[in-house]
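Following this line, the structures themselves.
Paired with chain B in one complex and with chain C in the other, chain A is shared by the two complexes that follow.
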Partner chain A sequence: MSVQGRLVLGTVNALIYVFLLAPILVVVIVSFGDAAFLQFPPRRLSLRWYTNLGEYPDFVASFWLSLLLAAATAATATAIGTPAAFALARHRFRGRALLSALVMSPLVLPGLVTGIALLQFFSLFRTEPSFGRLLIGHVVVTVPYVVRSVGAVLVGFDRSLEEAARGLGANAWTATRLITLPLIKPGLLAGAIFAFILSFDNVVVSIFLTTPRLVPLPIQIYNYVESSARPIIASISTLQIAVIVLLLAAAERVVGFSRYVGGGER
Partner chain B sequence: MLLLGVYFLLPLALLLAQSFRPLVIGQPAPPGLTLANYVRFLGDPFYLGTLRATLGLGIFVTVLAMTVGYPVAYGLARGRHRGKALLRLCVVAPLLVSVVIRTYGWIVLLANNGVVNQTLLALGLIGEPVRFMFTYTGVTIGLVHFALPVAILSLVGVIEAVDPALEEAARSLGAGPGRTFLRITLPLTLPGLAAGSMLVFALTVAAFVTPALMGGPSLIVLSTLIYQQMTVTLEWGFGAAVATILLVVATGLFLLYQRLLSLAPGVEQPG
Partner chain C sequence: MTPALELRGVRKRYGTVIALHETSLAVAEGRLVFLLGPSGCGKTTTLRIVAGFVEPDAGEVRIRGTRVDGLPPERRGLGMVFQHYALFPHLTVAENVAFGLRMRRVSGAAVRARVARALELVQLQGFEARYPRALSGGQQQRVALARAIVIEPSLLLLDEPLSNLDLKLRTEMRSEIRALQRTLGVPTVFVTHDQEEALTMADEVAVMAAGRIVQTGTPSALYEQPANRFVAQFIGEANVETGRVTAAGAPGAWQVDAGGLAILGTGAGPWKPGDPVAVVIRPERIRLTAPAPGAGVGPADGVAGTVEECIFRGQLRRYRVRLGQGRVWSVDEAATGGSPAAAVGATVRLTWRAEDCLVIPDA
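Up next, the complex of A and B:
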């Protein structure tokens, strides 16, 4: 490409990257403002909207609830998704196509539709709405991501390694622990992190399963934004983003995670 | 897996069944199935208007996102510089941040006294604030931003699959950059472009947070209509029918995307 062409393409792309990042950066910057109202750029920097978070107990409760929900979702979805990925990758059985379609279908379906389907379903039971319902909803929409991530590492998996371990006298559990698990760890971790982030960010399923006492953070933010765009939303949002950044940074250190990043809200 | 069956298929089947139930609020519905909910939707100009708004926004946003996404994807596919990993991260970053936070960011930017309007006023480019909030313009901006990372990721693999030697050959035979793009790159990426468009369209028509917070009551689309029916007016049968219509539109296109994908070489599947 000519120098001129490169320059034009570079400038256009720089503008598009600004567009991509602008709404996120603006939230982070506004959160460090000092004014009682939204101010951009902030005239004076302060941590005011972080130190007074305690005055918003509903936000604090939602933050911890979402953290717990995301961790529970990641653990449950990984526990369910991993065996499913193994079954799909290694065995040819009757109903395999059906299982594959079933596992992937929450990916294809708009999350909103899954949300209202669950709302109607749960309303059949007379039990009180609970944490369990939120967890079930989140697991249903995140399992497909775990199956895909684990499935991706299983495609290139050399089974003779397991057989060699067995041949050398390891029992099934030892072979799994020493050979299989370390080899699929990147996929396992990627799947769990996907599940965590999708749960931590989820709106469309949660919004139908919340109760006045159990409001996940994105729903709490949604409710606040709907009434007014106050600076406190910026600081709690920045904390939300910080959790995800820390999680990804930690994962990057354990295994090169960036290769697996990609995905979309459904 | 049983869990998925119980908590996914069963609720879905129930939703479909509900959409064929008679219209009765609060009371146990009389037995029998009916098409009344669908007839009501298709016979009412207001509801048809929401369908039209949804599809119109979907097409417009898809065209914009694919157009804007193409040069970025091209840069990522062809670039050989060291910052490529960082740029890729910038594309993925919005996907990792909750859509409520991204939408809040857009509200801070686009409100009547928001960053964009203040800047334009200060520069003297406009006399009074441009109304972005609760207008098609604002919702379109928000939705393009929502769909752009997926559009870019779907295009990167498509462009990477085109052998750069073909472009170089065209150039060495005397074609300018514009002609090379129109005669070589674009036609070769067209199948992947079409497949990616289906995916982006399906995502856009199903989007909820952006139209709900930026469109408000003046711009109702299918997803916000469903939410209203389920939580405010509590007409679940009708809500279920609208949800089924959305499902057919969005999922039908997603399946078409996968079909096209199997025909187009080199398409990376985001998601």
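Up next, the complex of A and C:
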């Protein structure tokens, strides 16, 4: 590639990153301001909106609720989505297309529709508003991502590895546990992280399933923004971003995504 | 004696495609038996039925007399080497080799000793801590072998294990695998499409085509007495002509008219004049001479032709001789240092002993 070509490509890439990241960066910077209102750029820097988080117990409660909800969603969606991905990737059975469409449908339906449908479904069965409701809602919308990412690694998986394990004395489950699962771990973890992040910042489904006592963080922020513009919004959002960044960094250490993406050596 | 492996009337079909017609096969203790055939002939299906990865539609699979069809692969106690080795990429060489022992709950010290011994057998000491990706193709092949033999399998199954190696390494590994198999005395089924591999290594070869075993025998028996045209052409090189029997000579001798070519050959028969047959003559069994002036053209005098090409191959010279009517035969002459018997363009006479020309059913 010519020097000019590199320059143009580099510039375009840089602009794309600026476009994507600048708004987020603004939020982070604002959170370190000293003013009593959202101000950019901040006149003076301070940690005020972090140290006084305790004065906003609703936000703190919502933060922990969302963290718990996202973790439970990631675990449940992975536990449900992984076997579904195995079935869809490996077997030809009656109703396979239907199951595939069913599992993937939350991906094509607007989240709002899913939210309303879940609300009607729950009221039909007269269940009490609860954490369980929220969890079910979030699992429904995140399972497709797990199925997708696990399915993608299974398609390229060399099944003679499993056969080799079987031939050496491992039963089907042991072969899956010792050979298949470790090797598809990047796909599993990617699916779980997708599920976590999608749950952690989900609004459209949560909004129909919240209760006065169970308000996930994004809904809390949403409600608060309607009435106030205090920088607490920025600091709690920054914490939200920090959770996701930490999660990705931890995953990188455990699985080493870059190894799979960039083809680096172990 | 009970064979190490016995297939009785095993069949397999996929939808409307018959992968394996009713097939029977026995492998005696300590023998190296090849399943040889072109791709799609059913050899891999047969091996996978033995291994337990494919359930036959009918028939029995017995290992040392015990029926194993219906048993899952992990309960058959076989060692298998896959075409692409199927080494576990997230485990080290030592962990790969130890896998089968761990499944058998062998104790830690015993595992280490047996892994070391297996790696020594395949000459890979010092590679224990490497990952498969850091090994060459030949080394991966050795790890796969070590992993298969370390469990002391009652039967070793090899699925085209050498097809991904370059020619030189393949030749080396042939002798190594053969030697290893002899040392261990483990009965072995080796699947390949490479006839040279089968001829040079096998105790016994089952030639397969279109879902059937067409002939079973030692390499030399298959070469000398092919049961049909397919085997004749698949094993070694051969000049093959189709024709009809014109007359029976001495017992086992037949005169054949192959489209105007009068050929004298030997075969089991019995045939009547007019029966369709094929004649098979190996290139190295033909003698190439300058035609004697005024020589006859009877069957015993061989056939006349023109040298089209002479290829020097080191230990031999390969002539391509045009016999007319689009027929070109191969004739090999041992290269002993002298000058070629004939030049390109020369008219020559090809002769052979009747017993070197096989008359076989045309199938």
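Just so it is clear, the second predicted complex is superposed on the first by the 237 of 266 C-alpha atoms of A that agree within 3 Å, B and C clash if a C-alpha of one lies under 4 Å from a C-alpha of the other, contacts with A are read in each partner's own complex, and residues count from 1 in each chain.
Keep this in mind: contacts are C-beta pairs under 8 Å (C-beta built on N, C-alpha and C of every residue); 3 or more make two chains touch, one makes a residue touch a chain.
These figures come from a predicted structure and were not determined experimentally.
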Task = Pick one for A:Gly167: touches chain B only (first), chain C only (second), both, or neither.
result = second
Query = Looking at chain A, which partner touches more of its residues: chain C or chain B?
reply = B
Message = Applying the document's definition of touch, where does A:Asp158 land relative to chain B and chain C: first, second, both, or neither?
response = second
Request  = Have a look at where A:Val243 lands relative to chain B and chain C in the superposition and call it first, second, both or neither.
outcome  = neither
Task = Identify the partner contact of A:Ile179: answer first if only chain B is touched, second if only chain C is, both if each is, neither if none is.
result = second
Task = Quick one: classify A:Phe121 as touching chain B (first), chain C (second), both or neither.
result = first
Residues of chain A contacting chain B in one complex and chain C in the other = 266
Request  = Show which residues of chain A lie in contact with chain C when the two form their complex.
outcome  = 158, 160-161, 163-172, 174, 178-179, 182-183, 266
Query = Which residues of chain C touch chain A in their complex?
reply = 51-53, 72-74, 76-80, 82-84, 86-90, 99-100, 103-104, 131, 133, 147, 151
Ask   = In the complex formed with chain A, which residues of chain B make contact?
value = 1, 3-5, 7-12, 14-15, 18, 68-69, 71-72, 74-75, 85, 87-109, 111, 115, 118, 145-146, 148-150, 153, 177, 203, 206, 208-209, 212-213, 223, 226-227, 230-231, 236, 239-240, 243, 246-247, 250-251, 254-255, 268, 270-271
Remark   = Contacts from chain A onto chain B in the complex sit at residues 1-2, 5, 9-10, 12-13, 16-17, 19-27, 30, 38, 40, 80, 84, 99, 102-103, 105-114, 116-121, 124, 136-137, 139-140, 143, 197, 200-204, 207-208, 217-218, 221-222, 225-226, 229, 233-234, 237, 240-241, 244, 248, 258, 261-266
